[in-house]
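Before anything else, here is the set of structures, which you'll find just below.
Shared between the two complexes below is chain A, which has chain B as its partner in the first and chain C in the second.
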Partner chain A sequence: MGRSFNTIAFDPAKCDGCGDCMSACARVKFDSDDTSRSLIQILARENANTKGISPGAGSSFELALCRQCGDPKCVTVCPAGALTKNNETGVIDWDGSRCVDCLLCTIGCTYAGISLDEATGRVSKCDTCDGNPACVPACPHDALKYITTSNIYNEVGDWEDLFAPGLAGCQGCNTELLMRHTLRRVGPDTVLATPPGCVPGMGSVGFNGTTGTKVPVFHPLLTNTAAMLAGVKRQYKRVGREITALAIAGDGGASDVGFQSLSGAAERGEQMLFMVVDNEGYMNTGMQRSSCTPYGAWTSTTPVGKAEEGQKAVAQGKTQDAKNMPLIMVNHRCDYVATASTAYMEDLYEKLDKAIAASRTGFAYLHVYSPCTTGWRFPTDQNMEVARKAVETNFVMLWEYTPEQGLHFTKPVDQPLPVTEYLKAMGRFRHLSPEQIAHIQGKVEENRRMVEKLAEQVHGG
Partner chain B sequence: MEQTQYLIVGSSHAALEAITAIRMHDTDGSITLVTRDPHLPYSPTVLPYVVSGRSAPENVYLRDAAFFDENKVSYRPGVALKALHTARNVAELADGSEIGYAKVVLATGAAPAIPPIPGIDKVDYHVLRTLEDAKRLNAAMKKSQRAVVLGAGLVGMHAAENLVKAGANVTIVEMSAQLTSGYFDATAARLIEEAFTANGAKIRTSSQVTWLAADGDDIVLTLGDGTTLNADLLLVATGVRPELDYLKDSGVACDKGILVDDRMRTSVANVWAAGDCAQARGFFDDAQVMNAILPDAAVQGRIAGMAMAGDPGVADYVGGVPLNTYHFFGRHAISVGSSKVPDGGVERTRFDEASGRHLKLIMKDGRLLGIYGVNEFFDAGVMAQLIVRRTDLSAVQDRLFEQPLTVGRELMSQIWR
Partner chain C sequence: MSTATLEKTAPAKPKQKVILCEGNEAAALGVALARPDMVAVYPITPQSSLVEHVAKLIADGRMDADIVDAEGEHSVLSVLQGGALAGARTYTATCGPGLAFMFEPYFRTSGMRLPIVMTIVTRDGITPQSVWGGHQDAMTVREVGWVQMYCETVQEVLDTTVMAFRIAEHHDVMLPVNICLDGNYLSYGASRTELPDQADVDEFMGHKDVNWHVALDPLRPMAVDPLTGGSGGKGPSTFVRYRKGQCKGMQNALRVITEVHEEWAQKFGRSFSPLLEEYRLDDADYAIMTLGSMTGAAKDAIDEARDAGKRVGLIKLKTFSPFPVEALLKSLGKIQALGVVDRSVGFRWNCGPMFQETMGALYRLGRHVPAMSFIGGLAGADLTTAHFHRVIDATEQLLSNPAPIEPVWLNEND
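Up next, the complex of A and B:
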C-alpha cells in the first residue's frame, strides 16, 4: 500500500496577498528580507479575463510552491542524482553536494516548484521545514494549512479492511469511506447491526448467503436495531466475550421509525456504539424525506413544482425544519455524543476513538453528516467539498459531549460563510426563493445560538 | 535460453524511466536489463562535472544496486546487445548468450559522431560520452597546455570551459558561423563567445579541419584556410548519432535514428525505442526528428514503458521540443522551444548590456513558440507547457515579455494548477 504524506495546502479565497508567508520563509531559510528568495511564492493575478485562460473561482492570488509530487519529474531529469523522493517524509530532497547547478530540474517541473536562487546561483525548493513549515503559522488569514491527515491513512492502511472489496454504492458516495474506516478502526472483535438503508444496500449484508463484512453482521428491522444489538451485546457479556456492539444506521432508521428503541437503549445505557450516517433522507429507497431532511430541500416526497390551474399552493420542497438528532441524544445524557464529518477525518478519528472507549461502559452516539451525491444532486467528485461547505457555513457544527465535560466545539468556525455557499453547491436547493433562503439562514443562526448556550462557548458568526 | 517478459537495453534515463513505468502497472512481469556500460546507471549529462573534478565519479550514480532488487529487475551490466532477431523475438548479446523477450525497448542512446577527417584514425583524440571517457579526459586535462576542442555544441563548450579553468590554452574550432547554434540565438551566442574570449579561449568559427596528423606527442590540425594548430589534447565534440549496428537484418526501420510512433513503437512488433537512439515526431512540424536531450529521453522512456506494460493511462507523445539549460563562467542560458521565426511570427528581444540580461520571445498568433534567456531566469518547465498547450497569450504577451518568471507562474497556477 502506498504511503500518504503531510502537505501544505493553500486556500486562495482566504489570501489577501500580504506576503507574510514569503517573509517568514525568506527569514527562516535564508536569514534574508528578500521575499524573492522565498520558497513559497504568492502571485497577484492581473489577467483574470484573459482569453483562453479560465477565470478561476474568483480568487486573485496564485501560488508557486513545490508540490512534493508523488511521481516527481524533477527527479527523473536530474543527471546528478541530487534529487530524490524521500519515502519517509514525502519531501523531494535536494542534495547540494551532488547538484551540479545545471538547472535541468527547472525544465522538468511544470509547477515552478524548483527554481534558481539568484543570490547563490543554485536551485532551491521547499522542504516543508522538516515538517514544521514556517510559512503556515505566519499566515494571518488561515490561507495556508499544514495538513497532517496523512498519518491516519498510513496507520489505517496497516489495519485489516473488514468490508468486501466491492460494494454497490453510488459513484461518489462517501459512506463507503465511512464504513471501511469505522470498521477498520473498531476492529475484528465486533458485531455489526445495519438496519435497512444505504449501508446494507451497498452490501454489508452480502449476497448469496455470504456476508459483505469479515465480522458478524445482522440486518435488524428499522424499528428494533438498538434493541436487538443490546440483546446481542448482553449475550456476549454473559458468555464472557468482549466485543464492540456497533450499529451503522441511516438517519431515517435512527430519527424516525427506529427512534424508540434507540432512545430506550440510550436511556438504559446499553454498551454500544451507535453511528448514524446522516444523508438527510431515505436515499436507499428513492430519496424520501426523513425527519432529518432540512427545510426547503427537494426529496421525492417533498417535491418541487408549479401550482396547477386554480390551485394556490406551490410545492417548494420540505416545509418543516430538520430534527436536531444529536442534541436529542445529548438530552439522554449518553456517555458520549458527537457530530462529525468526513471532510474532517482527523476530527472524526478522534471522536471514533472516544466513542469506542465510551461504548465499553455505556452508550456512545456518533452522528456523521454524509452528503449524498444522488439524492442531493451534486457531481460525484464534490462529496468532500459539500461536506466541508456544510461546516464552513455553520449549517453543520462539529462538537462533542460527555456528561462530565459538557458540550464543546471541536472545529469552531471563526468567519462562517453565508449559507448560500452551501446551498448552491447542490441541486436539491436549486428552487429556493429568497424567503426560503432567509429562513434557512435564520435557522442556522438559531441553531448556533442554541448549541452555544449548551456549550457555554462562542462558536462564531 | 533465458526468457523475459520485458527486455530493457541500456541503463540510462530512457531505460530507467521505462522500468519505473512498467512497475507502476505490472508489479510482477519479469524484467531484464542489459547494458553495455559496466557501471551503475549514470547520466552522460553529468560527465562535464566529472571532467572538471566537481563530481567524484563514484558519486554520480542515478540508482544503487538495491533499486534493481526492489524492482525485481535482473540487471546485467557490461554486456552489449549485438543483434536483435525480431523474427524469433530473441536478443543476441556480445558474450554470445541469447535472451528471448516478449517485449523489448531499445534505449541505447547515442555515441559521439566522428567526422571523416583524413588522418583522424592516426591520432589519439578524446570524446565524451561515458564515465571512462570522462576520467580519461580529466587526467589528460591536468597535463594539457594546448588543447583544441572540435565542435562548439554544449558538450564541446562545457569541456572547453573546464580546460580553460584547468589552465590550458584552448582553441575551439567550429564549422558553422555561430557558437552553440541550434541551442541559442545570435545574441546569446555572442555573450557566450565574449565570456570565453575574456577568459582566454580562442574561437575559430566558420573553420573546418581538413587534415590531422601526429607529431610526437602533439597533434597537428590543418584548417581549411591552410593554417595549422598544434595541440597536446584534442577533444572531438561534433555531435552525436546512435550506433545501430545491432539492428542489421532486424527489419526495424531506421533513418537517423530508430523510427518510432507516438507510443514509441518501432516498425516491428514487440519492439519499442526511446531516448537518444529514437527518432520521433517533432512538436513544431510533424517530421521525425532527433531531439537528443535528457528530458525527452525521460519522457519517451516513460511512454515506452507504459505502452509495453499495457497501461491504459498512456498518452501520446506531444512531440519533441528543444529544451536546454547551460552554465558558462558563472552565467546561465536557458532555451525553450523553436528558434525559427515562422511566416507571420514575431520576435521580441531585449538586452541590457550592464546586467548582461538577454531575453527573446518568439510568438505567432498569440502563441509562444520559443523563449531564450541569458542571465534572465524563468521556469523552463512552465514555458514548455505554454508552448505545448498552445495557450493563447494574446492578452498577456507584453507582460510575459517584461516578466516571464512571474507571469509564467501566474498562468501556470490558473491553467494547470
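Up next, the complex of A and C:
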C-alpha cells in the first residue's frame, strides 16, 4: 500500500490570472523576474466559459504544475533513471547528474508539469519548496492552497482491506466506501452480520460458494440481526475469547422490521457495534420507502402521482416524516450513540474508534447517513457533495452521546444553508411544491431545536 | 422396536434420586443435566413455569448456562442460532403464538443444520383464543425440518429432553429437535420421577461438537448462508445439495433416535419406544392410534375392551417428524382397521394431521385398511376412557362397514 502526500491545490474559480504566483516562484527558485521560468504556470483556458457541473469549470484559467503523481509517467518514460518518486516526501526528484536532456518526460506528462527551462537548456519542475511552496502565500485571491491530505489513508492504508476487490455495488456507492473503511478499522478478529440489503447485495456474504469478506460473515434475517449477533458474542465471552461483534445494517433492517431485536439487544446491553448505513429506503430491493425515508421523497412505493386530465393526483412522494433512529437509541441509554457522515471522515473515524471501544462493554450504535446515487437520483461524482450539503443545511446533524458525557454536537452548523441547497442536489425531491419545501425546512429547524435541547439538558443540568 | 425387547436387555438401574415434579420442571431438570451453554427464554402459557425453573436453576448455581431474557420468541431462537454458530449447546421452549412468532428463524434453524433443542409445551389456538393444551402449534410447523418427538409421561419428558441433545448433535443428523409435551396435562401434571445422576449423564452425553460443519469463528473464517439458487452455474445444484442433505439428516434421525433410546435404556434402565409403541397389537384385529399424553387413558380403554372380548390394540407414535413410515408399516400390517385420534386439525383434508400422514403410509401397505379420523382434546378438552370407547367401537364398525369421510369430533358436546 502506498502513501498519500500533501499537494498544491488550485481553485480556478478564484484565479484572475494576475501571475503573482509565477513571480514568486521565479524569484525564489531562480532569483529571476522572468515568469516564464516559473515552475507553476497559469495559462489562459482555450475553451473558457464552458458550462459544467464542477466548480470552476467556467473559469478562464488553468494550471500547469507538477502534480507529484503517485503513478508518474515522467518517471516511467525516463531512460536515464533521473526522475524518481521520493517515498518520504512524495515529491518527484530530478537528478541533473543522470539526466541526458532527452526531454521524453516533457512529452510523458499530461499536466505540463515538467518542461524545458530555456535559460539552462535542461528540464525543471516543482519540488514544493520542501513543503513550504512560495507560490501559495503569494496568491492574493486564495486560489492556491497547500493541502494536507489523506491523514486517514496514510494511517490505515497499510491495514488489510477485509473485503474482496470487485464488490458489486453501484458505481460511486457510498456504502462500499463506508464498509471498507469500517472493516479496516475493526480488524480481523471480527464476526460481521450483514442483514439483507445493499451490503450483502453487493456480494459481501457471497453467492453460490463465493464470499466477498475475509472475516466470518453471515446473513442474519432482516428481522434478527442484533439478536443473532448477541448470541455469537455471548458464547465467545463465555469461553473467554475477545471478538468484535459488528453489524452493518441498512435503515430498513434497523428502523422497521429489525427494530424489535435491535431495541431488545440495546436494552440488554449486548456487547456489539451496530452500524446503520442510512440510505433512507430499501435501495437494494428497488428503492422502496422505509420509516427513515424523509418527508416528500420519491421512492418506488411513495411515487409522485401524475393525474389524468381533469383529475387530481393524490400523493407527491412520502407523506410522513422520517423516524429519528439515533435519538431513539439515545433513549435506550446505549454506551455510545453517534451520527456520522462519510463527508466528514475524520469525525467518522473518531466515532468509529469510540464505538468499537464501547462495544467491548456494552451496546454501541453508529448511524451513518449514506447518500445513494441510484435511489436518490444524483450523479455519482456528487456523493460527497450531497453528504456535505445534508450537514451544512442541518438536514443531518453530527453529534455523539454517552451516558457519562451526554449529547454534544461534533460538527455544529450554527448558520445553516437553506434546506433547498440540499434538496435541489438530487432528483428524488425534484417535484416538491413550495409547501412541501416549507414543511421540510420546518422539520429541520424542529429537529435542530430538539437535539439542542437534549444537548443543553444533559450538559446544563 | 418394542418395549419388551428393550426391557429384556436393560441392566439393573443405577441409583437415581426420586422426586415428585411436573412436566415443565422435569423438562428444566433434563435441560440442566444436558449442560447447555446458552438458554434463551421468553414466557408464554403454558410454558412459563418451565423457563422459570430454568432461570432458578441458573440463579441457584445448579446449572452453568448463559441465560438471555430476550424480548420475544423471534429473538430467542435468533440468539441461540448465533450461540450455536459460535459453538454453544443451546436450548429454549415455547408454544402456540410464540412458536408462530418465531417461525422465520424456526424455518431457518433446520436449513443451517443447527442442533438447537426446543421444548414445545403444546397449546391450541391461536384463534379461537385458547391458552389450553392441543397439538395445533407443533403440527402447524411439522413440515420445516425439525425432528419432533411427543412424550407420554413426565418421566419421558425428562429423559427425552436429555436424549434430544444427543440426537440433534449426532453428526449424521445435525438438525434441531422439538420435544413436544402436552400443555396442561404434562406441563402441570405431577408424577413420581427418577432423576439421573449428573456424572452418569455427562458420560452419556460425551464430547460436545456442535459447529464443526458451520461456524462464525475468526479462527476459521467463512461466509455463513451465502445466497444460493437461481439458474445456471452452481446455483440450483448448491441449493439442491443442501436440501437433499436436510432430508437425508431427517431419515438418519430415525436410526439415531432408536440408537440413542437403546443406549439410554442400557444406561439408566428406562426404555421408551423411540419411534412408536405397540400396545396389545400382536393379536389385534383392529387398532386405535394416539399421540402424547392421551395415550394413558387410551391404554386403559384398550384393557377394558380386551376384558370385554374385543380384539383391539393400540399404536402410539412418539416420533412424528421424521414420520416413521417403515416402523408404522410393520404395525399396520397386523391389523384390518384403524382409528386415528388427533389433538389438532388438518384444515385442508378435513381430518387430523396424524390421520392424514398415516393414510400416506397405508398406501405403501399395498392392501386396503379402512381408517377413520377422530379429533379430540382440542383447547385442553379432556380425553377420557369413555371417549376412547367411542373410538374403539366406531373403529370396530370399519371391519364390516365402509369408513366415513367426515372426522368424528370427540368433544363436540362436552
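Things to note:
Keep this in mind: the second predicted complex is superposed on the first by the 304 of 461 C-alpha atoms of A that agree within 3 Å, B and C clash if a C-alpha of one lies under 4 Å from a C-alpha of the other, contacts with A are read in each partner's own complex, and residues count from 1 in each chain.
Everything that follows uses one rule, which is that a residue touches a chain if its C-beta (ideal position, glycine included) is under 8 Å from a C-beta of that chain, and two chains touch if they have at least 3 such contacts.
Computed from a prediction, not measured in an experiment: that's the story for all the values here.
When the two structures are aligned on the shared chain, A:Val205 is found in touch with chain C, with no touch to chain B. In the superposed model, A:Asp414 makes contact with neither chain B nor chain C. Of the two partner chains placed by the overlay, only chain C lies in contact with A:Arg234; chain B stays clear of it.
In the superposition on chain A, A:Asp130 makes contact with neither chain B nor chain C.
Using the contact criterion defined above for the overlaid structures, shared-chain residue A:Asp158 touches neither chain B nor chain C, since it reaches no partner.
Looking at the shared chain after the overlay, A:Ala64 reaches chain B, while chain C stays out of its contact range. By the touch criterion defined above, A:Lys214 lies against chain C but remains apart from chain B after alignment on the C-alpha atoms of chain A.
No residue of chain A touches both chain B in one complex and chain C in the other.
Residue ranges on chain A touching chain C, taken from their complex, read 188-191, 200, 205-211, 213-221, 223-224, 226-236, 238-239, 243, 260-261, 263-265, 267-268. Taken in their complex, chain A has these residues touching chain B: 41, 43-47, 49-54, 56, 62-64, 73, 76-77, 79-81, 97-98, 100-104, 106-112, 115-116, 118, 121. Per the touch definition, chain C reaches chain A in the complex via residues 37-38, 40, 66, 68-72, 74-76, 78-88, 90, 104-105, 108, 215-218, 220-230, 233-235, 238.
For chain B in complex with chain A, the touching residues are 13, 16-17, 20, 43-46, 49, 54-55, 59-63, 294-295, 298, 302, 323, 325, 327, 330, 332, 334, 336, 377, 379-382, 384-385, 391-396, 399, 405-417.
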